[in-house]
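Look for chain A in each of the two complexes below; its partner is chain B in the first and chain C in the second.
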Partner chain A sequence: MEPLVIDAKGMHYRELNQIIRDKVAEGYRHFILHNVNGQRYIGAGIMEDVFIEIHGVAGNDLGVFMKRGTIIVYDDAQDGVGNTMEGTKIVVHGMAGDVCGYGMRGGKLHILRDIGYRTGIHMKTYKDMVPVIIVGGKAGDFFGEYMAGGILILLNLWDDDDRPIVGSYLGTGMHGGVMYIRGEVDPHNLGKEVGIKELDEKDFLLLKKLLKEYCEDFKDYGLSVDEIMKSPFTKLVPVSTRPYGKIYAY
Partner chain B sequence: MLYKSLSSFPVFEVERDYDKCIVCGCCVQQCTFDATYYLPYAKKVITDEHKCVGCKRCEAMCPTGAIKVRAVTNEFKHNAYWDARTIRDIYKQADQGGVILTGGGNDRRFRVYWDHLLIDACQVTNPSIDPLREPMELRTFLGRKPDALEVEYNEKGEPELKTKIAPNLVAEIPVIFAPMSYGALNLNMHKAMAAAADAMGTYWNTGEGSLHRDLYKYGHCTIVQVASGRFGVSAEYLKVAAAAEIKIGQGAKPGIGGHLPGEKVDEEISKTRMIPVGTDALSPAPHHDIYSIEDLRQLIYAIKEATNYEKPVSVKIAAVHNVAAIASGIARAGADIIVLDGFRGGTGASPAIVRDYVGIPVEIAVAVVDQRLREEGIRNWVSIIAAGGIRNSADVIKAIALGADAVYIGTSALLAVGCTLCHKCYTGRCAWGITTNDPHIAKRLNPDIAAERLINLLKGWAHEMKEMLGLMGINAIESLKGNRLRLRAIGLTKEEMDILGVLPAGEGI
Partner chain C sequence: MMVLTRSRELSGCGLSGIISRKKNLIPGEVIIRSITHMRERGNGLGAGYAGYGIYPDFPDEYAFHIMYDDELARKETEEYIKQRFHVIHYEEIPTRKVKGIQDSPLLWRYFLRPIEPPDESDFVEEDYVMKAVMDINDKIRGAYVFSSGKNMGAFKGVGEPDDIGEFYRIDEYQAYLWVAHTRFPTNTPGWWGGAHPFTLLDWAVVHNGEISSYGTNKRYLEMFGYKCTLRTDTEVVAYLIDLLVRRHKLPLRIAAYALASPFWKDIDRMPENQRRLFTAIRMVYGSALLNGPFAILVSWNGGLMGLNDRIKLRPFVAAVKDDKVYMASEEAAIREICPSPDRVWAPKAGDPVIALFEDFDGGTQFKEHQV
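Here is the complex of A and B:
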């Protein structure tokens, strides 16, 4: 079927999302949205294999509860991108706000530039479902808090301000998954449940594979995997899968 | 220093009448706390009382009635201030350090407001109704009600409803099985609650551990929870359910998160919660995407969008002092149902100190929330479910008269299937097969028999509620809602009566 083009100018999110849901039910799978300006919940709960292209700034909770498909935002996205998402890939050609990837269980978030606070909280892995978030810029506080699984990669490609690459309370309460941060992390900013590890061969292979896809998604920006991989990465893993196992008296 | 271990002072005595004992070994096999064993050289079965938790499983199962399990009542010199539990807790913490865990609900001696409220009856002037002869309506609609109804006349001159009615749950009895997660409970108990809710035309709630695939067929009578850990929350899970509930808090442990220890996460639980086998399932204290009423609104509408506005969304909070203002915010955030969970509400595991001293009684919470929403003119926007320590049908009637639309029952449902309130749920060794996922012990709970018992309980309560409505001269539960004039207080202070909005016993209108 032809892609469905929607002009979202001045549309309430309810109207916009209702159209998308109705059209998905009719069999449409490819949507091109123009003049999006902060409309929330685009793609919410869609289980079909859709392809949604968004021109303009996507509003909060983009792709919330989504099961599969792809969303591309040719601009910035606001808070809650990929909230409790199951399997979609979301590519953002700009920045993304706070609490992205909360409780995400599968799928990918590829963010070109910076991301806000509280990224990837309580991400989880289950069997072959491994959620991946790759951020091209810097991140705020509580990156990977309560992380239970999945992969968080922070690249600091642009380094266009004097903020540190990542904020405080990095990985507080982390009990699963892995983070790769391109550059050094001030140990002072680490949550006490996180440990720094050397990268091994497997890590490099994994990074290479994931970054290849990331660079392809942003091919207009001249990114190269080899260039990115030249800088050293810091690998962070939880010290224990049971961080709070020892505080009780029986 | 004299070392005084906690285990020097058992809490229970297990008396075994050796004249009756036939050494069948049943009690040994039934004790999941390893307290009872066979002593070969004496050819006797004995109990190590230090390990006994007083679950009474052995007493119930002994074929010859040889066992009596009794609480030790005079274990220390009588002291009205330093009671035995306080003393033991100090010993325990001095032994091990750490937070003392418990299960079940608050059992401390705080005032039980239910027991200070008496129900009114009709005499002479307003005749009572006999529910055996006259129809009596318990059906309850849960969800948003319109501010006003608009009617249009079609070409034929017939009236048609123009107002769009928001989705509502329809319960044939205003009693719903409370959220208790798969993980804290086993699948047999989830099956039993689902089947009983289905048979009785009411609902059950998954709790925060998601819904097992085998139970998707009960979606139409299932309320699914979305908690801070987001375990097993997916588009499909939301769509299959009758309603979704955002769990903000729990009466037994307001303001703190949950923690299902890794040992309990077996293959089936792992599949359902969608986390790896053996990892801790941590539920953070807050939802990290909800730090304000606006954020709550965002999640409520995310769920509504994902379910095409076809299902009511509930928000469950623990009853705390400021509950009226919070509930008003929740109603304005777009929730269709608010669950108020009082401090008597049970838990699979909670720090004892939190369970025992945080929160407020649900009686008070319901009264103040109902009052506040009425004053603000938004009571019809939401339904109120009262939860946390509802013990019998009179509590249900009183809760509804105080302003609730329906109630949740958790502890009562567990009692119905054999729980003896030993409060050891957090050990995962429940001898009655309820709060355990040990496949061997869980078999003690037969889901069909358990469902039957839950159905019996609800049927009994339904009859009683109809009787009570009849004696008040009311023929529909709807007419009792917030009808506080049908309650009178006994033994309460003026302030307490004002907060509950009830008159003292003996005062007419």
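Here is the complex of A and C:
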């Protein structure tokens, strides 16, 4: 079936999302949205293997509760990208806002540039479902807060301002999953529940595999896995699977 | 005045601001479009605007915008004003009939010059004006001054941002600095005086969030003659800025760090001089610290400042295009009126974004600016 092209200019998010849901039910699988500017909840709860291309700024909660499907944003995205999503992938060719990947339980978020605060808060793994977030730029405070599973990768590819690669309270409350940060992390910014570990062979293989896909998604930007992997990474893991277990034991 | 509560899908307030640093005039229609683009963030219980440079015919008079419950309040207020000010001009604030706007109070504006008391050697004009604002709001039943600066004006009420814009005929004004707000009141009532911006002299503040330190801030401000009468937390921010910047002459950036102070754990690691400075700010201005989530815009005749709480509990985006600087709750609100900015970024929480007019000479107090 031909892709469905929608001009979203001035459209309320309810109308836009209703059209997408109706057309998915009719059998459409490929959507090209033009003139998107802040419409919320695009791709919310989609169960089918759809492909949505977004031109313009994607609004809050892009791909929320999405079970399957791929969304590409050729611009920036606002807060809450991939909220509680299960699959398959969201690619943002720009920056993304706060609380991205909140409670995410599967699928991938590939962000080209900076990401806001509280990335991957409460993301988790279940059996073979392992959510992955890869950020090309820098991140704000509370990166991986209360993280319970999954993989967070922060690359700092652009380094275009004087902020550190990641903010304070890094991994606060983390009790599962793993983070790879390309560069050094100021120990002062670490949350109490997270520790630094050396990368081993398995880590490098995993990184290589994940970054290969990331670089393919952004192939127009001249990224190379080998170049990226030349810089050292810091690996962060939780020091306990139940950091607050004692607080509630009485 | 009528006090409303109503429920809708929970969101947060929205704010937007534009400044032309070269003082090119921006039509009011632009700021209406930007704030209305975030209609989702409000619930129709409050919206407002402030524009700078809108009264070129009366640039040196204090423009008082006052809302009255009834004619009695107007009469009493006008008597008070005539004893203290030369009234250069006054009129009803021009409005249109709009379907979505009901129960509007009486709305008047006055262009005033203070009558200087003959025997006061330490007369400070701004303090005199401030006292008049506090007196009217506190002592005259059913009268509220919602704007009192020179060559600027605030316009606000209960309604959606596009309706409030149409009601006040914002499209007929041009300004070189605009701020706007759409409200989603959570803890305090929706009423005309509780809409944003909150103003004093030429300061205007719009805010998304909640100031949980309101009680502490209010008691602190009362020691300096400020009276919080508008039943909304944001009121304290406008008065704190007036106190810290105008009266105590703190550099604007330092005032921002008093409102959103770095944490002690970070102060402890600063170089000696900086550590002493920030320790002093926290000790002296502990009662001015704003607790709770906030993103605010502060505007005045010198420029525009945006500030987030220290741990980024509310959204805030900034952008630059040529001589214009944009600040808003959502990037979409900026892109609606500036499709391709030179630069868009999410400012660091607790660090002010300051954009001054190029011709503004506020001395060293305002010397440093960021964009």
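Keep this in mind: the second predicted complex is superposed on the first by the 247 of 250 C-alpha atoms of A that agree within 3 Å, B and C clash if a C-alpha of one lies under 4 Å from a C-alpha of the other, contacts with A are read in each partner's own complex, and residues count from 1 in each chain.
The rule is simple: a residue touches a chain if its C-beta (ideal position, glycine included) is under 8 Å from a C-beta of that chain, and two chains touch if they have at least 3 such contacts.
Everything numeric here is computed off the predicted structure, so don't read it as measured data.
Judged by the touch definition given at the top, the superposed model places A:His122 against chain B, while chain C stays out of reach.
Contact with both chain B and chain C is seen for A:Arg40 once the two complexes are overlaid on the shared chain. Contacts of A:Gly173 after superposition: chain B is touched, whereas chain C is not reached. After overlaying the two complexes on the shared chain, residue contacts for A:Arg21 are found with chain B alone; chain C is out of touch.
Judged by the touch definition given at the top, the superposed model places A:Gly140 against chain C, while chain B stays out of reach.
Comparing chain B with chain C, more residues of chain A are touched by B. Of the two partner chains placed around the shared chain by superposition, chain B is the only one that A:Thr84 touches, whereas chain C remains out of contact. After overlaying the two complexes on the shared chain, residue contacts for A:His188 are found with chain C alone; chain B is out of touch.
When both complexes are aligned on chain A by C-alpha atoms, chain A residues 13, 40, 60, 79, 118, 142 touch chain B in the first and chain C in the second. Residue ranges on chain A touching chain B, taken from their complex, read 13-14, 17, 21, 40-41, 44-47, 60-61, 64-67, 79-80, 83-84, 86, 99, 102-103, 105, 118, 121-122, 124-127, 129, 142, 145-146, 148-149, 173, 175-176, 241-250.
Contacts from chain C toward chain A in the complex involve residues 37-38, 40, 265-266, 269, 311-312, 315, 317, 330-333, 335-336, 344-346, 348-349. Of all residues in chain A, those touching chain C in their complex are 13, 37-38, 40, 56-57, 59-60, 76, 78-79, 95, 97-98, 114, 116-118, 140-142, 161, 163, 167-169, 188.
Of all residues in chain B, those touching chain A in their complex are 92-93, 95-101, 226, 228-230, 233-236, 238-239, 259, 261-262, 270, 274-276, 278-280, 282, 284, 288-289, 298, 301-303, 305-308, 427.
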